[in-house]
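Quick heads-up: structures coming right below.
In the two assemblies presented below, chain A is common to both, partnered first by chain B and then by chain C.
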Partner chain A sequence: MSFLPYAVAAWVCIVGLYGIVTSRHLIHLALCLTVMQSSTYLLLLAIGYVKHGGPPIYKGVKLGTTSVDPVVQALTLTDIVVSVTVIALILALALDVHKQAGTVDPDEIREMSG
Partner chain B sequence: MSWALPLPVVIPLIAAAVCTAGDHVLPRRLGDAIGVVGAAGAFAFSLVILLASEKQTQLTWFGGWKPRHHHVAIGVAFAADPLGAGVATLATGLVLASVLYSWSFLRDAARAYDTLMLLFGGAMAGFALTGDIFNMFVWFELMGVAAYALAGFQVAEVGPLQGAINFAVSNTVGAYMILMGIALLYARTGALNLAQIGHALSGHRPDGLVIVALTLLVCGFLIKAAIAPFHLWLADAHAVAPAPVCLLFSGVMVVIGLLGVTRCYWTVFDASLAAQAHDVRAVLVALGIFTALLGAVMAFLQRHLKRLLAYSTISHMGIALVGIALLDEKSLGGASDLLLAHGLLKGSLFLCCGILLVRYDGIDELQLHGKGRSLPVLGIMFGLGALGLTGLPYVGSYLGHAQIDEGATANGIDWVQPLLMIAAGVSSAAIFRAGARVFLGWGPREDPLLSAEPSESPPERTASMPALFAVTAALLVLGLVVSVAPGLGQRVEQAAGRARDRIAYVDRVLRGRELPAPPRPPVAVESTATDSVLYGIGATAIAFGLALVGLFRRRLPEIVRTALRFTLGPPLAALRLAHSGIVGDYVAWITVGTAVVGGVWALLLR
Partner chain C sequence: MTRRVRIGFFLPALAGFAALLVWAYTGIPSFGDYQGPYGFVINRISTPLRHMDNAVNSTTYDIRGIDTMGEEFILFAAVIGVVLLLRDEEGRSEDVEDDTGSDVIRIFGTLAIGAAVLVGLWLVSFGFVTPGGGFQGGVAIASGALLLYLVAGYREWSAFGDETKLDPIKGIGGGGYVVIGLAALVSGMPFLHNFFSGGVTGSVWSGGSAGFVNWSAGIEVAAALVILFSEFLEKYIVPIAKSR
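And now, the complex of A and B:
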């Protein structure tokens, strides 16, 4: 198993975090959050990878054929489903912010500090 | 009893579905009634499970996927030990109180409100009862989504929206950290069941992967638990959420974060880190103390009552983290007692704020100056709530404080107790000061020390006051008697001992072994050490003294005031600056905090 997918996962995670920290636009911020989330897919799928393994579908396949780990794929799917909800909610909130404040820059709507 | 195990989750989820499905068909009040019935059912079954779990850890395997061959767990299990069942009971009980209060407080709220409350409660119960680490993540996220929506509920103003976004983004970053930690543990052990992971790790020295997984999981959960420097979102979320939602945020949502840390440490990481427990302890105790003091100071700088109470919550979470981090039975029991009393008392204080909002259209300490005189009963309740949080001997949260102090002494740490006393004193001083200004009209009407905040419009002007008072008083009374409830302290300590016993947990979950029922603890008021009584009195003295200083500092001699301004001014200004209200800054603090915690552990845990 190559080291590369793990390095890519770490890199994507850091890029996403950097985007969130420096974001000046709420939609951009939500997308950076999905970038960070993508790193969790990469990590999960890399963990389940088996060399020369087929997809984890066992119908019509000879018994004993190697396949990749189906558990991490189930985890990835659950992760996608759950996170889509969160992103949808953040985007909806961003839309409302735009309606109320006329801007989507988090630095300009500083209602709260201290 | 195992058949009842999924019910605290299933009942509110079904009720939530019915509420949503009947949105346009059912009359408004019927929808609310479904909410109340769903919450009450979940609470009743949580209580039943709690009582059963005290005799035996309750287990249920979904779909009958029991571990059979070689005791390998493939299915997903709910495993309720008394600690988890206790948190589930607290969660569902507070949801019940919250929907009862909302019955008249948010009479015209959108129907989605009941649905979100039920989802929130069901998800918290699921998190507390599950025995599977990925299942924990799913409940954690479901709980999060419901909470973000509840925080941003009053979408007509910018403040709530910003608070909800800060909350959602910070906690989602935390959830991804938790997921990465879970993925790493799965990579190492090939298991997702907590008992199975712990079993696979036991006997192996910690390596880099285990330490990274520990850091990601602990820091992810500490974001939810609002431990500094991961705490910045909490005050924003509380400032904007309706009072009954704040009750849940402060009373139990943050507790869920601490339960996550406790559960993961004792079922999973203890297996490989037991020999280096003192290094884990050092880092977490330091974080706890830092949080307790920081939260207390920030609470003292607030004028928005809900934001003030939110910072006081952060301070108490720090104290509870110290209890958990000491890693012994007495302190963990103390943390549990503290969180129980805190949840009830802080909840009642938030509900008092809700009543103030309905009655006087405001939640700002300076604007409400002296207005509360016409509601003396509310003033007394507010004062008693604050007193219960301070740790005056045998009142409210005292038992928890005392057990943590004794645990620290037993661990040979003697500098923690005075610091915790100061933190409890200062955060209560803030509440006393606000109470005295609002209900007694003491102190000046202007105070440049306090931060300005957005105002909040009342949700309901015709709310039925007796109903609001009844729920608030019920929580207050329950919270005040925690320290003197006969047998409670001993039973909680026994529950803490069970939560720490990894070997018995593995035996029960993987092999289904029935352990002999533990002896019933004596039914007596827990006695505490003289030191703890003194610390309790000390905290109360600090609270009253500092509250008076906050109110009447203009009467201090000029020289003292100048000295205070020059010594305390710059650090307080820096603290205020750090709490910037910008979500990017919050995530930067989270990243730095995680890197520091991970770095220290990487150096120590080898």
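And now, the complex of A and C:
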């Protein structure tokens, strides 16, 4: 019985969430969001792991060899690329906020809009 | 609400969330004790049925191709959002002098551009044989393009990072994915069905129509990332150009 990878995923998720709530800078907030998102990759890959399993790629490997789950890997690899573009969108919004409000501190923005 | 009050509210909520997570994680199978049948089934069938050695990509572009289409649309929408926020009406600033001074960076950087693009193309083409595929290859190709800015300068980059050429390429990548899916549909098969599942296992010609899906994903990801770089660079370059 081993739950260590799950515990790491939970820790990364909580650290990211704490960073988002206490953030004083929109770019820092966006990076905390990526940290939180990374916890889902850890959790997915941990769930798909098969004991003593190899990579699910059969070039030069006999078919039927114990391998890890390819489905969670497919989910993870597409989401890593997609998350980059979503972060780019958030950073573009942060640039826009800076232009409109003159600050990137979430607390000050709220005070200005009153 | 002040910052102190907000954190005061947040900490008990965080403790509750952590407790829920621990409770949930103790209920799932222990690490390495994988239960689900899908992974084992896909590992068994992807080579004999689809002629793909890489079971991960047979999931991504063939068996669960419709999920990947959803992901592609998220990517598409995010890039459109960035373009709407950052692209200016003024057009591009051509007269920017930010060339790299160092010859060493120029020489090794130019070599690295070739290597990055080549690795990218290799990752996409052999996506069904070895680790790789459209998403990873597209990122490698786009990073080669960004290297062009780093080693040469904005003028050399702007010829390449031209949105009037990039936007249609990205559209072809995203649209091509759907067109391949619809091609299966009009042939009387399910959407995105792999309609000529032939090819030689372990070669570039493996994977059937999912090979085209793979390439359209590669084209879209590469073009999307180059568009992102282009928009952010333009935002960074315009103040430099104006300060001169």
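Here is the rule we use: the second predicted complex is superposed on the first by the 109 of 114 C-alpha atoms of A that agree within 3 Å, B and C clash if a C-alpha of one lies under 4 Å from a C-alpha of the other, contacts with A are read in each partner's own complex, and residues count from 1 in each chain.
Definition applied: a residue touches a chain if its C-beta (ideal position, glycine included) is under 8 Å from a C-beta of that chain, and two chains touch if they have at least 3 such contacts.
If you're wondering where the values come from, they're calculated on a predicted model, not measured in any experiment.
Engineer: According to the stated criteria, A:V15 is in contact with first (chain B), second (chain C), both, or neither; which is it?
Structural biologist: neither
Engineer: Just to be sure I read the superposition right, which of the two partners does A:Q73 touch: chain B = first, chain C = second, or both, or neither?
Structural biologist: second
Engineer: If we overlay the two complexes on their shared chain A, which of chain B and chain C does A:I57 touch? Say first, second, both or neither.
Structural biologist: Second partner only.
Engineer: Check whether A:A101 is in contact with chain B, with chain C, with both or with neither, and answer first, second, both or neither.
Structural biologist: first
Engineer: Going by the contact rule set out at the top, does A:F3 touch chain B (first), chain C (second), both, or neither?
Structural biologist: After superposition on chain A, A:F3 lies in contact with chain C alone.
Engineer: Quick check on the superposed pair: does A:L31 touch chain B, chain C, both, or neither? Answer first, second, both or neither.
Structural biologist: In the superposed model, A:L31 contacts neither chain B nor chain C.
Engineer: I want to verify the contact counts: of chain B and chain C, which reaches more residues of chain A?
Structural biologist: Looking at chain B versus chain C, the one contacting more residues of chain A is C.
Engineer: After superposition on the shared chain, which partner residues are touched by A:V84: those of chain B (first), chain C (second), both, or neither?
Structural biologist: second
Engineer: A:S23 contacts which: chain B (first), chain C (second), both, neither?
Structural biologist: first
Engineer: From the superposed pair, tell me which chain A residues show up as contacts to chain B and also as contacts to chain C.
Structural biologist: Of chain A, residues 13, 17, 21-22, 47, 71-72, 75, 78-79, 82, 85-86, 89, 93, 96, 107 contact chain B in one complex and chain C in the other.
Engineer: State the interface residues of chain A toward chain B in the complex, per the touch definition above.
Structural biologist: 13, 17, 20-23, 26, 29, 33, 36-37, 39-40, 43-44, 47, 71-72, 75, 78-79, 82-83, 85-86, 89-90, 93-94, 96-97, 100-101, 106-107, 109-114
Engineer: What part of chain C is in contact with chain A in the complex they form?
Structural biologist: Residues in contact with chain A: 3, 6-7, 10, 14, 17-18, 21-22, 25-26, 28-34, 36, 38-40, 42-44, 46-48, 53-60, 64, 67-68, 71, 74-75, 78-79, 81-82, 85-86, 129-131, 133, 135-136, 138-139, 202, 221, 224-225, 228, 231-232, 235.
Engineer: Report the residues of chain B in contact with chain A in the complex, numbered from low to high.
Structural biologist: Chain B reaches chain A through residues 134, 138, 141-142, 144-145, 148-149, 152, 155-159, 161-166, 168-169, 172-173, 175-176, 179-180, 182-184, 186-187, 192, 235-236, 239, 301-302, 451-454, 576, 579-585, 587-588, 591.
Engineer: Mind pulling up the chain A residues that touch chain C in the complex?
Structural biologist: 1-7, 10, 13-14, 17-18, 21-22, 46-51, 53, 55-59, 63-64, 67-75, 77-82, 84-86, 88-89, 91-93, 95-96, 107
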